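Several structures are given next for inspection.
The two complexes that follow have chain A in common; it is paired with chain B in the first and with chain C in the second.
And then the complex of A and B:
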């Protein structure tokens, strides 16, 4: 370990941001190849969201969460056995062009200079804007799963509203936990199966995922959970706390009473870091999200910056870990280290694991209500900006999200557009009849998360194991 | 209604707006409040409408609370420790008017 003088930034070969499957796998592989690695993560423990709390699972909770969750434990074990310097509770709030990372950790600030940066910040849930979605008691479906994984807390009589594999998985896990959802309000529009069918042959190569999906749906139906299909005109009612959800299914209006409504429209790449770094992004018309432009080895348009995992495009936990290894190997080779494993095997495994994706993407593309919400719907939760106000700003001449932001403050609240960004862009694109690439996205600026000035004043040097 | 499926250790105690809340080791403030049936954590800065936990993963900033006197902390990111003082946040901070 090198001696550090105060105010001196620590140097490292590779900084990995995010300790989910991609980040853990990338860190371990880079370290095994002989590079010094720092793994920076905002959470309390390893695993990211998909393997949240993986090191502290109980047999009871493992049983509820299932084998695909438990599979993450070996990755965490390999990380613990490695020479990687793992820094939990560490938030990266800026990265400057000289590869300097500004960190906030336990009330103090630090700096780290990395030769290479691997962004493994994963996914966030696609927003589900609808009337009433800001009421207390309304959460994402992902939030319910995090409560279960991290704290063993479940909501009784919750109503799940949305579509996609995660919603069915969480419903099945809630049943296993003894607290089935009160109802499932499915938003997948009619005709989606026909649109997905052309991808079925390819998807059969990933039959394990299809089988798992079908068995989750069977479990939910078998438990007697009412399922309402192709729901539209959804709104959440309530005064202070959610009281019920109203929607139309099969031509009939329904209202279900519950004070806990959980929303889900799939997951999309978390773009905050790659946008901060001004990496090129392209709209992915199949995944309905922006993703950073990468070469075959995860390299972005910005020198020394790589992306692995769902932040590169949604592929799930297994693909994320494979991609983490691939990116780390590419960096090792660039730095003149011998690759400890074969790249082509990883590429083949990645292609096979991703075979099911085009089918799922066609099936579970967001419903129109969430791409172009009704005028009165709040879109930016922080600043309470409605879809109608955004359309009006476009009519007044605002050509993109950054101009709408200066008109209305949308995306300027504490979440910095993390929640509303994609919907604000899609409302503008629809109104202007422009493409998503032409419309673009919020310009992300530091600090990525707000930090108190006292923290900046309290500089602490970091200790990172060197090679 | 929220429910715990298991208890994993000795309970930890903290307060929310003066009310005692019991947590389990490893809970974040947001998880412990959810388990205690507390769904409203603040009122929004624009309309003053009640807000609570939304994403549980540090993305949405809807669960902002005051922790040991420091405002705007993400309840879903702060682990509960014994004796923590957590308060709800009401609307936007007052802007002091310059005296004439």
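And then the complex of A and C:
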């Protein structure tokens, strides 16, 4: 039998899940306050998605990815200099109500007890259901960026379809890398600027972000990338493999040939852990996503469970790190430790960093096509369930996503609803004329990530008395 | 305003719903009161085995009766319950285990039941080509099967509603009392009926207790794990003899593994929780009996809240204390197959006061408070 690695503790004051900006900042701050901390992360190295591969930068890659990416390096350095026990390649696949974490690391599973748990699992891309999105060759803009960060590889001939800051950022990075996208099919509906304008004064407080956004857009236009605005009726064509994308822009139908289509509709909190723990969640009508209900210090409705970073609501990397520090300070205080920094300063910085958000949220809210996909569109990719089938199940009497799941198996595949969850809830809400809060979301069941049956057979639970 | 009916059923699981359906077919007016939604707990989230195999001898006649209904259930309901006839097989890993099965078959034959048969080593391989070499034989009931529990229970409820049964979902019973008729008070209203059925599953013990009848129902959380899809290798529902295992490859290729081990159940919060360390042996047993499972990956798990009696057989029949009160609960994690037959039997008992089945083993007064 595999022995527990001597590095792996069995009991800590704080377990932090996720080594992105929020997780790294929370771990360092909690550790500085004198708490024992384990930082658990699925990745090979520090950084999460936003600072992926941050410790292995090259001048060339840093140049492509820009100063906002490079800014993550100091956070990683402070983590390395701290007393935090950092466990890479570790996936937390279950957490039970006695704060016992079931972990898989290098092919074997074990347990860890934590007094406090900080969920810093970040964001996932909002699903972009459309006809043909399950064809091979269709990916997401986020996935293209992962490729770029991890190995410096840029997809050639890619057509980006969607909206939001990340899409423009990745387009600009692809241009800097010398491989511009073949086209950008922008899905932001007409009239969004008018809806966003009431937020512009506040957003100007965060003018750095606006300036960066405008300069990215200028760079993309200046590079001669064809841009199609306010695209609707989008579908991807092909048999098994994507061959082209067809859409309507300015009253005219276009078809662009490419077998690399990257979709994007912004990012939303990754709810898997907080849903597994049955934290209360509430629909955020501005961000168009569920977020966990938190007190001012990141505490959820479940005792000992905290959330920091984009998992609490989308705020970006800088806000995530600030919130990570705040949450760690709250825990330090609760555990009677002296706070190593001032809370009010962090709160002020957080407010200022978030000023641009309402503007962006109004501007880039998902287009109707993605909230209420056409009947024949596959919504749950794992089990191939269409939007129409979900509507039929609602008509048969299924009041929410869990009953629809029992009828149709939607959300029962290997992704556990990570991809389809929000769309399934919104289709049901639309059909029943109910609010998203009334409709709710899938109950998330362990394991959060697939684990081999043989690993379960060899599972090494803690024999210690439960707390 | 007080609503009245001939029968009020408390609990919208498979037992409450099917009793309501058959009572309506007998012409009774019925209201079902369910605190959550129909099929929310054990009736909707069990493993779906439609199993006569290996039942407690007292349950065999009722289980047999239920099986006859199952064969025609989808036609009667006009709905797809995902029901398929399939062998249920308990594999024997030693000669000693096989001998025990032989004795059981003789006992059943003496009672007049012939649905369980012995499989020798070649026969067990015929039905289970992927079974491990060390398996020496098995006990089988070849015309049992499996179904989709949620589809089945909601289809029964839908049919009952078509027959005039009124379902009150999301309504919690606060108390009941009897003067000439029963008055049932919920968090949303009051109801009156001459007859009341307690089919409240894991919550039924508290209900019986509130009426002065002792029923030690333990809330349990059977656990099931599901693998990613595998190539088709098993058509039967499989159990082991000497160690806990229930094993079924679904039509879509996923494999559902359960058996014996329990998670945490909480009737106050409706929640159940997986305890994976308890499943180590189950995982090992599955791999021992089907070597192909060594390459399987678990993608999902679930558990549900179920009511268990100390002797693992249900409470069925009339109250020992109150006229017009009936019980049908505590099926101890094997009530799904019995749902249609028990509902038919209970409806007859409630409507006529009599049944052909011997319910003495299931009487509520077999338990006495300490």
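One rule holds for everything that comes next: the second predicted complex is superposed on the first by the 447 of 467 C-alpha atoms of A that agree within 3 Å, B and C clash if a C-alpha of one lies under 4 Å from a C-alpha of the other, contacts with A are read in each partner's own complex, and residues count from 1 in each chain.
Keep this in mind: contacts are C-beta pairs under 8 Å (C-beta built on N, C-alpha and C of every residue); 3 or more make two chains touch, one makes a residue touch a chain.
These numbers come from a predicted model, not from an experiment.
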Have a look at where A:155 lands relative to chain B and chain C in the superposition and call it first, second, both or neither.
first
Using the touch definition from the top, say if A:293 reaches chain B (first), chain C (second), both or neither. neither
Report task. Determine, under the contact definition given at the top, whether A:143 touches first (chain B), second (chain C), both, or neither. Result -> first
* Is A:97 in contact with chain B, with chain C, with both, or with neither (first, second, both, neither)? -> second
Max touched-residue count on chain A (chain B vs chain C) belongs to chain B
Where does A:64 make contact in the superposed view: on chain B (first), on chain C (second), on both, or on neither?
first
Q: Answer with first, second, both or neither: which of chain B and chain C does A:113 touch in the superposed model?
A: neither
Practice task
Could you tell me if A:413 is touching chain B, chain C, both of them or neither one (first, second, both, neither)?
Solution key: both
A:450 in the overlay: touching chain B, chain C, both, or neither? Say first, second, both or neither. both
Chain B and chain C footprints on chain A meet at residues 413-414, 450, 452
In their shared complex, chain B is touched by residues of chain A numbered 42, 44, 49, 53, 56, 58, 60-61, 64, 124-125, 134-140, 142-143, 146-148, 150-157, 177-179, 240-241, 259, 270, 381-384, 413-415, 418-419, 449-450, 452
Per the touch rule above, chain A residues touching chain C in the complex are 94, 96-97, 102, 111, 278, 397, 399, 403, 406-407, 409, 412-414, 416, 445-447, 450-454, 456-459, 461
As the complex stands, chain B meets chain A at residues 1-8, 24, 26-28, 31-32, 34-35, 39-41, 44-47, 49-62, 64, 70, 72, 77, 79
Contacts from chain C onto chain A in the complex sit at residues 37, 39, 44, 150-151, 154, 158, 225-228, 252, 257, 264, 271, 273-277, 279-281, 283-284, 286-287, 293-302
